[in-house]
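You will see two complexes here that share chain A, one where it goes with chain B and one where it goes with chain C.
Take a look at the complex of A and B:
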């Protein structure tokens, strides 16, 4: 579950105490590798090897080396342009709305902490339990005017059947609503926790200086949690660019309404399974992997959320 | 600021929080109520009525008669895959996290960096490369193609790493060394007894991850008797003709209450887990933040 990765605040990093040098007896090295070896093996086989094998596959066609042939074939596929446009539009719509929802709710809740605020966090968080195909099923009901508790709203938007809400551009709107419902809650809890961890004296100082609640939020709290904000944006961008499950499941409910190659990952899946063209599948999924890696790299180097060098500290 | 202004801003705040609660809560509430009602009632009655518990039993018996009780098979598969992956992940993560936190050795930095990178990367990005690898090995379609990749869980290693770093003092290890304990013995008798909280945390998040995963089993498995519940839900929607016409769910063999019940079963373990383990969940979410 993406939203559950736990960020570390960049502010609190203890000065590493000197670590006593220990002898490197061979017995110790053996013990170390007995304990960490199995994990290292899994990391190699299920973390690195797939990428390496895909790289090799992407340069092979019909059993022989074919240079960039698979890559250019993917780039020339007209379906790629459509899929990339869909995913980009979805991200452009989803990311700002998600961020706005998370920030506004976390800040509003934090303005008055207490039992109500904790109960509301649970309400916002629970939809995170309904993911994947269950989420698609639930939201199919939510967009069917016959059964939906939101039917007045649907009527207002001129949606007379579930199919209406799945056709054309409205699919992106539906995915955005689903994406916010499923993912916002986890981030709200994380951001609320980050706000709680802010030093009290700074906030009090702002209050003493007569800053309004709004000014305190905008000029004091927001700058202090901006690493978290960046983290929410980057990891949501990374996971959103891989969108696959929702359009896949929604397609089965309304065949013909949504293209089976609607998203980039869906296209790569079609290459691999229906076309049986592993070379093209490898090339496209490596391009998507590069996006994920880039996001991970930005998180590590720019937000300092996961300080691996502080691992030398204790 | 005048009192009237304060009242207005307080009202606006309450209205915003309440509106959000409706947006997040209403679909769930509907999902909880839907299996208690008949299909007719669902389309004609008011959206949030409660039917009867007897109706839930009826919907369940309809569900279990679908394809000779395939749904119980899917539930069993989901449980088995998740349990196997979580146990295997724990066996790999806890010792690895301990060693990375407490021992100097060549390759440590590389392992840590690779773990963090693979942890931050969206898991979906590796699914198709894994599929290519598994089909080269001839493992696609087997349970191993799902269980093995899922038991590689770098986030679990990271949690164990943080836990041992914060809660296992070097002095404790050194004292045991002086007493002549071997390095393996140290892990078994000193580190492991202190690891209970992090074992629970890894098991919880690992289970959530395995139970909800869709893309990986979807790509790897093709025989519907090996499906997980998440995949089964989709095939249920597909083969019962779910929303084939513009009138929504009207011509389902399995009707709306049955579909809603299946959806509810699919997310029930997580809903229950999230409600029961609230405090635990919060510490998990913020584990890194608090131990920094």
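Take a look at the complex of A and C:
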């Protein structure tokens, strides 16, 4: 993944003048601004301004403008290739497994509503209550064969020490399992909520027409919750491509076993904190932002996420 | 029309989400403006700093506890450099290699101490102890404690098996192979990260981190000082007499509990902090011998794994003298250092420290002769480098992997050389 596209700041393309819409009253417009205002302010102060500052920083070296120097230095760094490979492998493993787990469990819960379903929701959600560094510490305990309740399973996988568990391919497998356990629960609850909000008449119509549970799921429910699935994908892609906390905590527990620049975000962090080079850190962070934006853009356009009933998206 | 809405929302979403991946931070304190001496120490050094404060009621002093995590101090100093405020006047390093980062031109944090601490005081440290602090002839830190390696061994097992404590590495290898054959499962060493690289390669004088200046490092693993280590470990790895499990890995305790540690060359602090609390080796078994001697040499040399150091800030201004006095007291006060948990870097303090250690009933025999000799024989050429973390991971990636998989260790040295060079160059060194 050395071919990072040169990211641009989120520019606004030439906007055709807004056509006045019939039936829109000024009071409504005010309400919209009141509702959107705080978020817009938040976005400007904590999103756009830092991103703009990062963009400026990424073109500065030792206090003076340096052109693309930081960007080329980042792309030339031998650690970037390794980090990008790690993160890509992690995403390729984690995203499909996460999505499949979330979808199958949410649909199963929805197909069989009742007390058990509600109890299971909580059970699925529980691992997600322990996140980030706490989760990494908990998992460190779970992967140490001497303390783990799963030690027979670990022995089966030829893991005899935490050193084994954290080296090479087993690290990615571990992060994948961790990632699914931590993230799936929350998304199951979200998706289950979305399924519950589906119009009953449509589902009943499907039932009356003799659609099987499988067909109802595939042809009726899934298309209707696709925007939620898209949201799961975008959020998970963003958090997955920026995986940082888990490998970092595992590193402090077993120094020397995991490279401190294992993931791309960790590399950006090392630039800023250990190399004292904020320019390179900013450049790499913006490149990651660009990739996140691109992925979000693809998912949004492909799923017509913001299409509403009143207007068509294209 | 809707399309750019979508683009904007996507941008907004990605921005908000990208914020989630960041880490919290910020300079926790700023002693700069108020004329207050700001001191950062880890938990272990806290009591001593407080004692100093109590003894100097006129001195305005604020003590902040910092975690011992690798990279913590450079992270905070980097942020302070960015905001140009909040630098501590004195800082303790649990990872002395970080002095290479903090005294670099980019960080410009560590003050040279040559004019502040008299040479007579600096000469009181164990010979070579301040090499870690020294670049281009300037001393940027004072060592609090050092971690010379010795040959720890289980005296009970040695007697039981009828083996002699090896005096040379050839004898060490023979003993290891014999033990592996006669008592499978017994280990004679650990090769993981700094424990492998610092103990074996450090003691042999293999130039993996021989700092010539702040920007120049000598790395040459083709030297006989390096290949002889590979040759030493090769058969031991094949016969599983050495392990790649890290000593701080909880799984290592199974060797100790099962009385499988025949020998373990390792740092001085293994005696008090690993054998009993972590490896669960009972009292009266463990003893220390000097490291074995390398071929062609008349005396043994010690590698290093750890230790700590104190730095004075280049931004301390008129607090520089107070800062230096504190650092000097912390590192050289015999009464204070004698009570410290790990081997003092200041020789007079180490002798005093050893009086209690000699009587420690945990050891099968007095470990001090071996420890004192090791402290006096630190192998030169083991400098503080900015690629310390990569130095460890690349060792595990190459040598560690080869030991695990039965690969050729000499070939693995080539891989390690490449990785070390790459890491050094990325950290701003020219490799010579």
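Keep in mind that, in the parts below, the second predicted complex is superposed on the first by the 245 of 314 C-alpha atoms of A that agree within 3 Å, B and C clash if a C-alpha of one lies under 4 Å from a C-alpha of the other, contacts with A are read in each partner's own complex, and residues count from 1 in each chain.
The rule is short, and it goes like this: a contact is a pair of C-beta atoms (placed from the backbone, for glycine too) under 8 Å apart; a residue touches a chain by one contact, two chains touch by 3 or more.
These figures come from a predicted structure and were not determined experimentally.
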First (chain B), second (chain C), both or neither: which does A:35 touch?
first
Kindly classify A:185 by the partners it touches after superposition: chain B alone (first), chain C alone (second), both, or neither?
first
Now for A:111: first (chain B), second (chain C), both, or neither, which partner does it touch?
first
Contacts of A:252 with chain B and chain C, given as first, second, both or neither
both
Determine, under the contact definition given at the top, whether A:303 touches first (chain B), second (chain C), both, or neither.
neither
Per-residue touch tally on chain A - higher for chain B or for chain C:
B
In the superposed arrangement, does A:139 touch chain B (first), chain C (second), both or neither?
first
Between chain B (first) and chain C (second), which, if any, makes contact with A:147: first, second, both or neither?
both
Could you say whether A:53 touches chain B, chain C, both of them, or neither, answering first, second, both or neither?
first
Do chain B and chain C touch any of the same residues on chain A, and if so, which?
12-13, 43, 46-48, 51, 144-147, 160-164, 235, 238-239, 242, 244-245, 252, 254-255, 265, 269, 272-273, 278, 285, 288-289, 292-293, 296-297, 300, 306, 311, 313-314
Chain A touches which residues of chain C in the complex?
1-21, 23, 69-71, 74-75, 78-79, 81-82, 101, 104, 106-107, 192-194, 244-246, 248-254, 386, 389-390, 392-393, 395-396, 400, 422, 426-428
Within their complex, chain A touches chain B through residues 1-2, 4-9, 12-13, 19-20, 22, 24, 27-29, 31-36, 38-40, 42-43, 45-51, 53-54, 57, 101, 104-105, 108-109, 111-112, 120, 122-134, 136-142, 144-151, 160-164, 181, 184-186, 189-190, 193-194, 197, 212, 235, 238-239, 241-242, 244-245, 248-249, 252-255, 265, 268-269, 272-273, 278, 281-282, 285-286, 288-289, 291-293, 295-297, 299-300, 306, 308, 311, 313-314
Of chain A, residues touching chain C in the complex:
10, 12-13, 15-16, 18, 43, 46-48, 51, 77-79, 144-147, 160-164, 167, 234-235, 238-239, 242-245, 252, 254-260, 265, 269, 272-278, 285, 288-289, 292-293, 296-297, 300-301, 305-307, 311, 313-314
Tell me, which parts of chain B touch chain A in their complex?
1, 13, 16-17, 20-21, 23-31, 34, 42-43, 47-48, 91-93, 95-96, 98-101, 103-105, 107, 109, 111-122, 124-133, 135-136, 148-149, 151-152, 154-155, 157-159, 161, 165, 170, 182-184, 187, 205, 208-209, 212-215, 218-219, 230-231, 233-234, 237-238, 242-250, 256, 259-260, 262-263, 266-267, 270-271, 273-275, 278, 281-282, 284-292
